[in-house]
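To keep things simple, chains are lettered A, B and C as they appear, and every chain counts its residues starting from 1.
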Amino acid sequence: MFSFDTVLVWLDLAGVFFFAVSGSLLAARKQFDILGSILLASIVSLGGGVIRDIVINTGPPAAFTNPVYLLPPLLAAVLVYFLFSSVQRYTSLLTLFDAGGLALFCITGTLKALTAGMNPVAAILLGVTTAVGGGLLRDITANEVPELFDARDIYALPAFTGSALTALLWQLGLFSGLTAGLVAAVVFTFRVTAWRRGWHVPLAVRGWHRLGAASGGAAGGESRGRD
Amino acid sequence: MFSFDTVLVWLDLAGVFFFAVSGSLLAARKQFDILGSILLASIVSLGGGVIRDIVINTGPPAAFTNPVYLLPPLLAAVLVYFLFSSVQRYTSLLTLFDAGGLALFCITGTLKALTAGMNPVAAILLGVTTAVGGGLLRDITANEVPELFDARDIYALPAFTGSALTALLWQLGLFSGLTAGLVAAVVFTFRVTAWRRGWHVPLAVRGWHRLGAASGGAAGGESRGRD
Amino acid sequence: MFSFDTVLVWLDLAGVFFFAVSGSLLAARKQFDILGSILLASIVSLGGGVIRDIVINTGPPAAFTNPVYLLPPLLAAVLVYFLFSSVQRYTSLLTLFDAGGLALFCITGTLKALTAGMNPVAAILLGVTTAVGGGLLRDITANEVPELFDARDIYALPAFTGSALTALLWQLGLFSGLTAGLVAAVVFTFRVTAWRRGWHVPLAVRGWHRLGAASGGAAGGESRGRD
């Protein structure tokens, strides 16, 4: 029905849009202006892909050569501008859109690396980098401790799962628009459930307890409250 | 009088120097030492161009292959070291030098992309990235919310204006040392006037008021006071 | 005894491991979880080399194409997880491992640039960038003012010394596994002694005194206490 390349571009653009909305929502929460909203949306939605394309090293990044990539950040900033004042549950929304971007970018990042001839391990690594890179840039730029490092839920593991599944399906010759959709659904559900249920993995050091962590940890902060 | 390439290199070096001074001034304000001053000056003045050259992807960035690019950061750190103690109006100075760098980098960034064969939309985008990239790196490195996102004045719009004018003049065959100077003057005046007068655009969300913004916004902080 | 390339790869991997431990130690101090520990270890240990390889621009970075580079961050996170709870002098440890990474990366970074045909000045610059890049990324990612800018001791000068010595030995045809080890020992000793003794260089502005600096400086903070 769809050609392979068409599926890839649409998945990528959908991921760009989801991350762009998460950028504009953070801009709204930090009371940036509308230009700052467009810029933060651009950085978060295009940053991961730019890093990916620079690493693959086959010419200028798609975000710079294909102007269609500029539309999602503009659209996201406009949507947040008009709709956000009536939708106050911004942390939930930010996490949901961020999870959508994560689910799609781990697939497209892994796939782009595989089609460029990189080995599966490198492709998985680049898929995870693409997926978490945009959100990392968003939080660094907005001067926050990245969500990636928030010990209260799981962020990188869903991306790793999605990248590994994508590489596996590709190696088995089973990758298609349908299986891509299934992988995206698994990653999205994994990420959102981990966030809702507060699933977490052990801290970086054995024997520190979560309660004790509240007193001095940089990861704990009132700005991460779930509304 | 001057060849085209000579104009481009001198504009670029002047932009590097202006941004380098802004880096050294921020280093002084944050009480870094003289080595930190040289390093922050280097990051802010060379960072935007390194990103530009990596994206254009035609060999190692100019800052690494042409040692003359190392002189402006050294000069800036020395000047700030000897002159700053008697000139306390650092925020004004930082903004003026930053505006000078912005005015020149949006031109040279756009031009380098156009001469590398990129389309005008990509060239404008890369010009804006080059112009705002250095300042963004400066503020991220020094652990501040980037000035780019300060809702109290306008930062990215002048750079966009300069990049768009440069691309337009180039397409019309009217780009020269003279018109480049005019574009730089327009961008500089736009940026500085926006800062002096507190021109601003709407916030990222409709219906939030500027007064209300003071209570919880990360963009508002005592470190941004205008002296 | 060893071929030249073997020496280079082993030095590079040892540097990766040292920086990875420093990343996992910072993750422990900031109470990130074990995944955040692996990620921060990966960013700090592979980030400098990825920047180096992107600048040299001869294909995808080694960290993405050679899976062996993924082992040191995993190993570091596991070691810190099991050993750190009984070793509380984390700031000393972090500085020692960071100094080890610094000592090796300024050598391997300079050498990779020289063997890629860059001129000595560019090679020294890239060596310093490789050596300080990882630590800079670590501190930016963890939302701290980079140690690079801490006015209370010297960080970049040892890296510069090591890079310059490496380039000199290379030009003289005296670079070998033995002289590389000597350079690494000099850089490590210089860095650690500067830190222990509190050697410092003048501030970015003449006439500001260190005592006065305590009241308003961003570089001074309780998180940098030496235990």
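The rule is short, and it goes like this: a residue touches a chain if its C-beta (ideal position, glycine included) is under 8 Å from a C-beta of that chain, and two chains touch if they have at least 3 such contacts.
Here is each chain with its UniProt name: A, B, C = Trimeric intracellular cation channel family protein.
If you're wondering where the values come from, they're calculated on a predicted model, not measured in any experiment.
Two copies of one sequence, chain A and chain C, touch each other mainly through non-matching residues, since under half of the numbers at the interface are common to both.
Think of chain B turning onto chain C: fitted on CA atoms, that turn is 120 degrees, to the nearest 5. Rounded to a whole number, the gap between the C-alpha centres of chain A and chain C is 28 angstrom. With touch defined as above, residues shared between interfaces to two or more other chains in chain B number as follows: 54, 57, 140, 143.
On the chain C side of its complex with chain B, the touching residues are 54-57, 118-119, 121-122, 125-126, 132, 136, 140, 143-146, 148-151, 154-157, 200-208, 213, 216-220. Residues 24, 27-28, 30-37, 39-40, 50, 54, 57, 59-61, 64-65, 67, 70, 77, 80-82, 84-85, 140-143 of chain A are the ones touching chain B in the complex.
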